[in-house]
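Each of the next two complexes has subunit A plus one other chain: subunit B in the first, subunit C in the second.
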Partner chain A sequence: MKIQKPAKAGTMESNDIYIMVQPNDEGGVILNLESIVMTQFGNQIKTVIMETLKELGVEDAVVTAKDRGALDYTIRARIETAVKRGM
Partner chain B sequence: MKNILGREIPEFVEGYGKVKPFGGAFNNLGEVTKKEVRVKSAVPGETKVLSTIREAIEKCNLKDGATISFHHHLRNGDYVLNMVLEEVAKMGLKDIKVAASSIFPVHAPMVELMKSGVITGVYANYMSGPVAEAISKGLLKNPAVMHTHGGRARAIESGDLHIDVAFIAAPTADTYGNINGVEGKAACGTLGYAIPDAMYADRVVAVTDNLVPYPACPIDIQQEYVDYVVAVESIGDPKGIVSGTTRITKDPVGLKIAKMTSQVIEASGLLKDGFSFQTGAGGTSLAVAAYVKELMKKKGIQGSFAAGGVTGYIVEMFEEGLFRSIFDVQCFDLKAIESYKNNKAHQGMSASMYGNPHNRGAVVNNLDVMILGATEIDVDFNVNVTTGSNGVIMGGSGGHSDTAAGAKLAIIVTQLVKGRLPIVVDKCTTVTTPGESIDVIVTERGIAVNPRRTDLIEKLKTTNLPVMTIEELKKIAEDMTGKPEKIQLDDEIVAIVEYRDGTVIDVVKKVK
Partner chain C sequence: MERLRRTMLFMPGNNPSMLQNAGILGADSVILDLEDAVSLTEKDSARILVRNAIKSVNFYNSEVVVRINPLGTEFGYEDLDVIGRVKPDAIMVPKATEADIKSVSEKLDKIEEEEGFEKGSIKLFALIESAYGLENVYSILQSSDRIIGMLLGAEDLTADLGIKRTREGEEIFYARSRVATACKACKVAAIDTPFADMEDMEGFIKDITRAKSLGMTGKAAINPRQIDTIHGVYAPTEAEIRYAQRVMEAQEEAKREGKGVFSLDGKMVDAPIIARAQTTLNTARLAGLI
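On to the complex of A and B.
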């Protein structure tokens, strides 16, 4: 799946995550993550985002994620929505 | 060494001294001696009114290394602490210890003074904002000492915390040092936390923006304790002092927790005539009060007293006759101030009367039910309200440990998960209140009772409340969030958490 245009999903509300995806002509996935639980869950959030992108077949993208304590299913849903909006 | 809770603490901490390890909530009672107080007697005809804070500092002969104290009834609207410290810094004083009953974001200027060595020590029962963050980063020379509200009163009375000069923010003061908190543009109600300072400091300065002719009745702090009075333009911003109204939560999760909590209280058998109750000002705590109110009305119960930091909601219950009286150490809103001012059964209390374990009996000892919060609670029911899960200081006991120790039923009310962080954990980052004082935790997903309370477990079996073990509660939380990675902290100790009896329940390490 190829990201054609910038797209976003999610909010900056507590327990949500704000996702923005953009095309990456250079190739590969660049992830910029901010999280209020970075020390405790930073690695887990990165893994979930990368896995979800892979499942969706996204190989090239710049992903900006601003996490406010979202659970994994929220993260997956927001990524999927942003990606589909950006197709 | 390890204290009785298994917390690793050194025997000696540089800048604090020898550590007395925590040995149980009631391990340290018995006969105590209070300190001697130095008093400079007043000569008839002498004036107490001085024109500036600087003059007061000079008259009090404040020296390098001294301890000065402040009370926190003006909360995040307080100007007095910053005003005094600014003057202290201008005078070139160094190595000052600040004993403020609580520190708020408004006190941010302290950070620069910590860096420059003007302030080298801090004592507080609660701290949030830039000062707390700076202490967590190791910017204060000596470890901060975190007291409880009752423990601070104990430390002052025993001499463990000697105050050279107490600066008392006075909403109203007269020319001979009588202070009241109910009049003036910075009215804040009772001045309970300032009373031990006034009684035991070497010198006491009232700082007021409402200097009135003698006498300033009604009197909260009497002239016999006050050396000097200084009038200033303003002691605080009313917007930061009181909230206009305190509101019950509308959040359905908070309401569910509150309703279940009221059912636990009902099942406990404590809800009968003479019932006594304390709750905080948070939305969920107030919602508990709302459900308890319904139950009391339905059953026709009149309680003996409600206590605490008092909100308008508690005042309404009192005015409706649900409680015969209020014990008030701190007014949270305008309605509480009005009631404290006008109603004799709305009784002020000092920090010592509220929670000091080493007096002839504190109000907390007569509490039936106490509603408390938690940042973390571990499987031994130990509670952290001092540091966030990232290890940074963001609070402190306040009255948490005092009320939990005294109340027959101390209930923690909290969401099971906050911003992805599970609240029930294997080990708290910091222990504020020992598990032996906590009886039950109520979350939206389930209720866990301290195994020591077999009687309560039996009583709750007769209800259809979702009672489970705390380990089960922890598993539900971790199934939702995943297991958090352990935070890495430095070895340096930045704060000592003293239990109410002056023993050390835990230490706070510097954040990396």
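On to the complex of A and C.
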């Protein structure tokens, strides 16, 4: 699945995550993550984001994520929404 | 499984915080809402979030119902297709007509077959919120075996009727009676319209009591703070439970003595009184009161 245009999903509210995806013409995934629980869960959040992108078949994208304590199901949902909006 | 549906709590479908806490609030059912609680620009987002929530959030003992968008909008069928595949307990169909219920039911037949779910396992609630829906409530109920309840939506109904919605609710007397009677005839739940004013506790209790007295079996809630109050009004009182127990005891005794008709406290007890006592005890049992 190719990201054609910038798209966003989610909010900055508690328990949510704000995601923006953009095309990456240079190839690969660049992830910029900010989280209120970076120290405790940063790696796990990155893993969930990368896994979800892979499941959706996204190979090239710049992803900006601002996490407000979202659980995995929310992270997956917001990534999927942003990717579908960016197609 | 037989269960109580005294409260059905609406939860906005695009709010992760509320979705993941929905199951711990004590409502008999939660309605994850994709319709009015979600703005037009977020319909896609809420659909995916609710789908994921059903797959991974624990809703404990609450029944999980999803209100989809009306089938006449561009979102209705897609909601049904995405949500049906994660098998909620039920789908709530807004502005329901006979044709809508049949169409949703057929679509669910197909989804259940494709996903390997038991046929007919996803149930339906019909939302009665138009003059047409109200006048055809019985035939809507008859449109699918999947229907387990109806919700009266008084705001939309009164708007459709062109009448004013008041705090006292005189204007929905007929609607409540009609929905309650049709639901009773088909043995499904009759859920009353929500009460919007969170500050008016006295008006709220009166509103629940009035609907209950007409035969409504539960009420929609729009705030978790409303749950305990609704359960309180729908719970049988201690005196009602004790009386029902005495009726059943007296019936047992009459049976042993070979009497067909018997009396309790000087009053004749017949079949309707026994049936009412059984309902009281059943409700009390399901509510954990006995």
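Going forward, the second predicted complex is superposed on the first by the 87 of 87 C-alpha atoms of A that agree within 3 Å, B and C clash if a C-alpha of one lies under 4 Å from a C-alpha of the other, contacts with A are read in each partner's own complex, and residues count from 1 in each chain.
The definition used in the following text is that a residue touches a chain if its C-beta (ideal position, glycine included) is under 8 Å from a C-beta of that chain, and two chains touch if they have at least 3 such contacts.
All of these numbers come straight from a predicted model, not from anything done at the bench.
Visitor: By the touch definition at the top of the document, which applies to A:36: first (subunit B), second (subunit C), both, or neither?
Guide: Once the two structures are laid over each other on A, A:36 reaches subunit B alone.
Visitor: After superposition on the shared chain, which partner residues are touched by A:72: those of subunit B (first), subunit C (second), both, or neither?
Guide: Both partners, subunit B and subunit C.
Visitor: Taking the superposition on A as described, I'd like to know which of subunit B and subunit C A:15 touches: first, second, both or neither.
Guide: After superposing on A, A:15 lies in contact with both subunit B and subunit C.
Visitor: For A:46, select first, second, both or neither according to whether it touches subunit B, subunit C, the two together, or no partner.
Guide: Neither: A:46 stays clear of subunit B and subunit C.
Visitor: So, A:84: does it touch subunit B (first), subunit C (second), both, or neither?
Guide: A:84 sits against subunit C, while subunit B stays out of touch.
Visitor: Of the residues on subunit A, which ones does subunit B touch that subunit C also touches?
Guide: 14-15, 70-72
Visitor: Can you name the residues of subunit B that touch subunit A in the complex?
Guide: That would be residues 389-390, 418-421, 480-482, 484-485, 487-488 of subunit B.
Visitor: Given the complex with subunit A, which residues does subunit C contribute to the contact?
Guide: That would be residues 15-17, 20, 44-45, 48-49, 51-53, 55-57 of subunit C.
Visitor: Residues of subunit A touching subunit C in their complex?
Guide: Residues of subunit A touching subunit C: 9-10, 13-16, 70-74, 76-78, 80-81, 84-85.
Visitor: Provide the residue numbers of subunit A that touch subunit B in the complex, in ascending order.
Guide: Interface residues on subunit A, with respect to subunit B: 14-15, 36-37, 39-44, 68-72.
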